[in-house]
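Each chain gets a letter, A, B, C, D and E, in the order it is written, and its residues are counted from 1.
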Amino acid sequence: MAVAMEYYLVLSAAVFCIGLFGILVRSNALVFLMSVELMLNAANINLVAFSLAHGNLTGQVFALFLIGLAAAEVAVGIGIILVLNRNFDDIDVRDAVTMRW
Amino acid sequence: MVDVFTLAPAIALFPLFAFGIALFLGSKMPKGGALAGIAATGGSLVLSLWMVAEIAGGAGPYHEELYTFVGGVEGEGVTLTFGLLIDPLSALMLVIVSLISFLVHVFSLGYMNDEGETGLPRYYAGLGLFTFSMLAFVYSDNLLMAFMFFELVGLCSYLLIGFWFRERAPASAAKKAFLVTRFGDYFFLIGVVAIFATFGTTAFAGEESFVTAAEAVLGGEGEMNTFLGLGNQAWITVLGLLVLGGVIGKSAQFPLHTWLPDAMEGPTPVSALIHAATMVAAGVYLVARMYGFYALSPTALGIIALIGGFTAFVAATMALVKQELKQVLAYSTISQYGYMMLALGGGGYVAGVFHLTTHAVFKALLFLGAGSVIIAMHHNENMWDMGGLKDRMPVTYWTFLAGSLALAGIFPFAGFWSKDEVLYETLLHGLGDSPLLLVGFAFGLLAVILTAFYTIRMVLLTFHGDPRTDVAEDPEPVRWNVKFPLVVLGVLAVVAGALNLGTIKDVIGEENLFLHEWLDGATLDGELGEGGALSAHHYEELLETQAGYEAAEFSALANGAIALVLALVGVAAAWYLYRGTDPEPHMTKLGGVRRVLAHNYYQDEYQVWLATGLALPVARVANKFDQGIIDGFVDAAGTASVVAGERFRRIQTGVVTNYAALLALGLVLLLLVFGLAGGWF
Amino acid sequence: MLIEFLLGITVASALLVFMAPDCIAGKLAAGLSFLPLGTTAVMWSGFDASGNALRGGDIAFESRFEWFDLGSYALQWHVGVDGVSFPLVALTTVLTTLAIFSSWTPIDERQSQFYGLMLLVEAALLGVFVGLDFFLWFVFWEAVLIPMYFLIAIWGGPRREYAAMKFIIYTNLASLLMFVGVFLLVFALGDTLATLSLVDISAAIQNGGLGELGGFDPEVIKVAAFVLLFLGFAVKVPVVPFHTWLPDAHVEAPSPVSVVLAGVLLKMGTYALLRFNFTMLDDVLTNGWNAEILMFVGLVSVIYGAMLALAQRDLKRIVAYSSISSMGYVIIGLTALTAHGVGGATFQMVSHGLISGLMFMAVGVFYNATHTRMVGDMSGLADRMPWTAGIFVAGAFGYMGLPLMSGFAGEVLVFIGSFHTSLVEGAPIFTALAMFGIVIVAGYLLWAMQRTLFGPFELETDYEIGRAPLQDLASLAVLLGLVIALGVNPDFIYGAIQDAVEPLVRAGTGGDALSVLLGGGR
Amino acid sequence: MVLEQLAFGLFALVTVASSLGVVLVRDVWHAALFLGVALSSVAIHYVMLNAQFIAAMQVLVYIGGVLVLITFGVMLTRREETEPDGAGEPDGVGEPEEVGA
Amino acid sequence: MAEIATLPEWAALAPALTFAAAAFLLLLADAVSPEEGNPVLLAGLSLSGALVSLAFTVWYIVAGTGQPGEGDPSSAGAIDLFDGTLVVDGMSLFFSAIIASVVVLVVLASYDYLHDHPYQAEYYSLVLLAATGMTTVTAANSFVTAFIAIELVSLPSYALVASLKHNRGSVEAGLKYFLIGALSSAIFAYGISLVYVTVGSLQFDAVTSVVEGGELGGIFGLGVLMILGGISFKIAAVPFHFWAPEAYEGAPAPISAFISSASKAAGFVLLFRVFVGVFTWEFVEPTIDWVVAIQVLAIVTMTVANFAALKQEKVKRMLAYSSVGHAGYVLIALAGLTAGTDHAFVLGSGMTHLLVYGFMNTGAFLYVALAEYWGVGRRIEDYNGLGAQAPFASAAMTVFLFSLAGLPIGGGFLSKYYLLLASIEGEVALLAIALILNSVVSLYYYTRVLWAIWAENPSADLEIEQYPTGLYTAIALAALVTVLLLPAFGPVADLANTAAEMII
């Protein structure tokens, strides 16, 4: 084991936090989507890294599924964002506030 | 031969039937149900007289449990029953009540029917229900039953005072009458409940009675519950005083007398029956009924005597200045019941009952006479509008005069004998070892003068002199149905004193005091206790042993002479002031004193103030408090929730980024809390 | 199975009426309401209970089936009546029938819904009085709220939304607290309890089965449960200071609904108090000042309620507040825990049901005729409506506790019972003070009658006043007849009540022979 | 060993930096490019973690699929600065049903 | 049990497979005749799919599939499939039943609701696919399958919510739902990865055995928390609920019903399985006392939701908050799992409530769908006088709302009190108090609607011309079951308790 697993944890945590940060500060729906992708990747990093550490393939398999699901999610997301764009003329999430309270 | 006593319940039930008939069928009957009432009360009178005859014939007092009202659990809980107790006292009272009721029914034919009143079925139903309740009260064998019918009597009084409910005054008077007596009955009810709790029974007579039990306890045998840490004697006094509350209310004693004058708003026959002869007597009768209990408590007796004496005097002063005929009679009624209370409190059991009897007769007479005058005067009651009626309605005048002289205590009318005996007994015991009674006696003596004065004033103003108005000039004639009761009662007012010629007992001998003999236990034995627990004789013993009353030596004749002289002084004064054809309204000369008297010492005012000036504002404050604070709290909880809801709603800003932020914040908070708790860092 | 029949027939009647067209709904409902009434009469003839249902007495018409298991507890369909509950069952059927008759005049829209809901209320109320399994009982207890809510909300007065909302929320909150109270006990009883039958719960508590719960002593649990239960029932009764929903609900509800509301619904609270607090947890009263506190609460209800009634100007509000006062007597009687105290309280429940029903009904008749309820707006009604007025006067005197009417019997028994109880320090003082209520009640009722019924006829509204319809008069007369009948012969039901109440009253513990005779506390 | 650690450090830096780029740059299109860098560097991490297949999938699915979709989205929704009201999106594209299914 | 023995093991997944098959059939049918879009055929197909699935579930339940046999340990217990990544037991069948029932109702109602909607085949197939996902969630026995199944639920749901693509509300709802959903699934995934970091396995049984064994660190605790967060999104517990009011309000009403009932149930089954079965409290407690965490969540959820619902003007949004509130109530089933309580009893309370809730909440939303169908408006005052116009449906609504409020007109009464019991049994006073207060608060907003429906007079000239059969049937069914669940609560409670017993 060349690199201590803790580093991977730190890396993934960093990526996760950056993703979360992106969600919190950006109002563009697409950036929101991308940030989510980052967060999912952070999970993947963990899974793959510790798949190696634990010596089983479970993590890798799950990571695979996650990649697939992320893709599907993006597909749905893009669709929704496009419809949003058509209805609100923008993809700024702060504009879509017809329903509140 | 049928045992007459088994018919006893019918004495009260007859009028009850009359009530039902009058209420539901009265409108279809001639005379609006009066005939049923007359027949029923006549029947009651006959039966009552039969009872008297039977008892006089030596039959023992009769006691029977009629009906279990509320049964107790086996071995536990008290049983509430109805029963009847026919002893000399109640038999006498039954006769009085049914007699007066009978006469009043007859009189009502003239007073109500001939006057074309509407609502007669209601009127006769009321009379019937009243007679029923009163008779049932009289023959009650226990305090609870007595209380119940006592209350029913109050209801009837309410209904009858408010007979002319379409006018405001009778409705108001009815309310006041019920409310004031209710206030007294409140204490009475406490008393009844307390007696239940103390003795487990409220029976008046017999081995099991509370009277006997209390006597036994004070005699050192047996025991009883006491409450609030009081001793036996003190508790018995408390019980007696509680019951006395009802007595004071019903018998219109100071300070609960205020309802009676107002009650004159009712039809005059009603005043005669209820507010003079019978219902008001219920209070005094009740004291007599449980005299064996009161005799155990000198304190209670003293209070009774003082209240009685004071009431006799104060009410008499108020009667001095009244201008309405019935008002004078009302205050005189209060005053006379004061005498009875004085007698009972002063140890004069027989005297009290005697005065009760004579007063019933002559006061009913006076009221009916007043009713006759009122018919004649087209319902104008102001004496200053009358005058000169003597010649125009002689029957009324002479009977009324007889009643008046009896009231004034002039020899040889009935009132003289009884009032004299009242004073005599009080004096005897007062001189004995109870100086407190002398105070009552003094009040009584003063009241004698005043009574004579206002009575004669009343007679003079009404019947003598010249007619002061056109109506008095040509009064409406009255018929036989008015005159007949007047004559009957007039005769009785003259001769009733013969029952008990106590003043001249040294002359005629003790054994010829019929009433004394009648009420005495010497003739009684049987189930109601050894030696006649209900006898006057027994009461005297009790008074001596328990209350410490001792009879001093004093000449009955001398006392009678004093009373008569004082009464004559009053008569003379009235005669001097109001004789002649056109008397002056002398009372106006009294100035401020008159005002105080005319306002009845502001008794009404303060009682009205208690209701409207104290209770009502307090109630309003309570209502404000309820609406504002208690309900306000409930509503505030609701409002606060809604406001909180409004706040919680605002969390949902609609901006998805904020949601993400809050979500993350929540997660971080959880992380911090549980991280710290779980030692992750 | 008579009870099942009773409940079933009532619900079936309700459904039938729901489906009936409006024009015949009233008559149909009136006719159908005789079925439960008749069933009750049949039950009365076959009534063979003895003792208290929760103290091992024989229960009449008992039936018991498995309903379902909840955790380790078997919930059952367990119904039956004893001397405490049967009078209330009868009261319910009688009052509902009469209330339906008296609805004919005032209810002029959506009749089928109205009468259907009335019958549903009846069914739920009956269920409360016959239910012996806690959960079953609780179902009925809560079920009462639903039809009642609609009856107030749809046919009520101008502020009906507020009143109905307040009613349902307030009483529901109370029910929840009460539920927690019961289950504190149930869980503290632990394994000693296999079913939620009230009979079993009561027996388990009496046998000392209470254990620790959450680290608290059984005694603490008991007190906590007592308090929660009391709070829960106090709202229903209602006990001051939890009473404020009542005047609002009464004033807004149509009069026939008020009849049921005051006549029966309030009795749910006192009935439950008797069943739970004073049967299962009567030990709590012997501790510390508990009994005194309860007595004080009852006293406050009596006097404060009466004072509030005194301040009202709306005839219906007056009657509503006087209910609070009357229910205070029940609390006092129950707290005394003497034979006549508890018995009298139970009798008072029935009696107050009849009398307040009568009063509300009469107020309703006046309202139908005059379209006002304000005391100042009318005068001399007796001139135009003599019979109604007469019955109203009689009812008012019944309320004041006139002897030979049922109110007197109830009150005097309560007073006798509470005067000498040894549970309460200074019981005579409490009792005497509470009795002052009979003076105040006389004050405001006499005042109200003087102003509305007597005096010259005047009416502030321009409404053409007519005679009361026959069915209203007949209903009133029946109620008055019952009030008098029970007043003259309380033993008609008091015998059964005594029989059921007696086991609750433990005889005096020695020495004082008289107190044993009186059933004097313990 | 040191080499591996060095590589990890380098690519970790790249990952974090490009992730930050995703969330920080103003232009969505640039953000998408940064996302591509980030995802690629994660793929390299996978390779270093002996998960070549996952790395391949990462490249294929993420960069080949997801990123294309996102680019697509950016294209369709980006406001043309010259056109005032952002009109001109083709209709009927990106129905959520079609994409999601 | 005899019959089931003749079937292959995978047949235990029949409820989920039926849904999937029906979805594909639908797409096939649509592909064959894309233009006509025969609504009866499409609705009929999906309805039969749902019914068959329901039939399978009920059959299995009745036959005792996956249940412990009496006195016969060998035949007892759950059916493990695919190396234990899926499991069919009482719990999964119980929730499958809820989900299938809701789908039946929703499909029935959608027939009328969608009467002129263009993409019916897609709509139905998305519903069925989501149902497949939900049914799979109930059987998930590994974080992998759980996550995939959850995503299979989420993705179609996002699309369904946004399916009224010309309606701004619908689109906005879809966006919010999707964004929060994506975030939550990222959190969920990261949580799973953290657990994997510590445990090295994702199979539930394997995780359990590790958890029972040894030291767990902060990483694990964080993972558990994040998993809790991820699932909380599905059940819409505060603070993961923000999507819910908007999504329910914007979505087509049948979809609101679907998501708020079925999707929530799916979330809860996972929550129960994961927290009761995997993160066994005795062992996890030193690291993370999730019972306390859930207690906090429960109290916060019910309080925030109920208070926020108080003054809502739109019925659907009010119902959305009520649905969040109910999530808070059901959380009691976990929050009451303190030491020394009867766990099956407590857990059973939540399960039964979810079942009853499935009917009453769906019914309430379907009534809203009916109102939307009639076009009467969305605010409470728009409902004025509906009772007179549509007495039957309004009576059903009365049943639903009062049952939701916990009055004894439907099974909601018993299940709510069962929950209250659970909180007392768990000796969590705060929970009981919160439940009581919130229950009372909720009565206020439910009755506001009923007040409008029954006691108010119609404000405008409200005329209802059509009484759609499908919607009416669905509402009637929901009402019937809701009412029947009052007397027939026993079998349901038994079933729930038995199922709960198995995973404890």
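Basically, contacts are C-beta pairs under 8 Å (C-beta built on N, C-alpha and C of every residue); 3 or more make two chains touch, one makes a residue touch a chain.
Worth saying up front: this structure is predicted, and the values here are computed from it rather than measured.
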{"item": "Subunit E and subunit B - chains in contact with each", "value": "A, C"}
{"item": "Minimum number of chain-to-chain touching steps separating subunit B from subunit C", "value": "1"}
{"item": "Chain occupying the middle, per Cα centroid", "value": "C"}
{"item": "Interchain centroid distance [CA atoms averaged], subunit C/subunit D, Å", "value": "73"}
{"item": "Distance between chain centroids, defined by C-alpha means - subunit C, subunit E (Å)", "value": "42"}
{"item": "Averaged-CA centre spacing for the pair subunit D and subunit B, given as whole angstrom", "value": "105"}
{"item": "Distance from the mean Cα position of subunit C to that of subunit A, given in whole angstrom", "value": "64"}
{"item": "Shared interface positions of subunit A, touching two or more other chains", "value": "19, 23, 26, 32-33, 44, 51, 76, 79-81, 83, 86, 93, 96-100"}
{"item": "Shared-contact residues (touching 2 or more other chains) in subunit B", "value": "638, 649, 652, 654, 656, 660"}
{"item": "Contacts with 2+ other chains: residues of subunit D", "value": "95-96, 98-100"}
{"item": "Subunit B - residues contacting subunit E, complex", "value": "638, 641-642, 644-649, 651-652, 654, 656, 659-660, 662-663, 665-667, 670-671, 674-675, 677-681"}
{"item": "Residue ranges of subunit E in contact with subunit C within the complex", "value": "342, 344-345, 348, 388, 402, 406-409, 413-414, 417-418, 420-421, 424-425, 427, 429, 432, 436-437, 439-440, 443-444, 447, 450-451, 454-455, 486-487, 489-491, 493-494, 497"}
{"item": "Residues on subunit E engaged by subunit A in the complex (per definition of touch)", "value": "143-144, 147-148, 151, 155, 158-159, 162, 165-166, 168-169, 171-176, 178-179, 182-183, 185-187, 189-190, 192-194, 196-197, 200-203, 219, 245-246, 249-250, 317"}
{"item": "Interface residues, subunit C side, partner subunit E - complex", "value": "67-72, 75, 110, 135, 138-140, 142-143, 145-146, 149-150, 153-154, 160-161, 164-165, 168-169, 172-173, 176-177, 179-180, 183-184, 187, 213-214"}
{"item": "Subunit B contact footprint on subunit E (complex, rising order)", "value": "175-176, 179-180, 183-184, 187, 217-218, 221-222, 225-226, 228-229, 238-240, 242-243, 245-246, 286-289, 292-293, 296, 303-304, 307-312, 441, 444"}
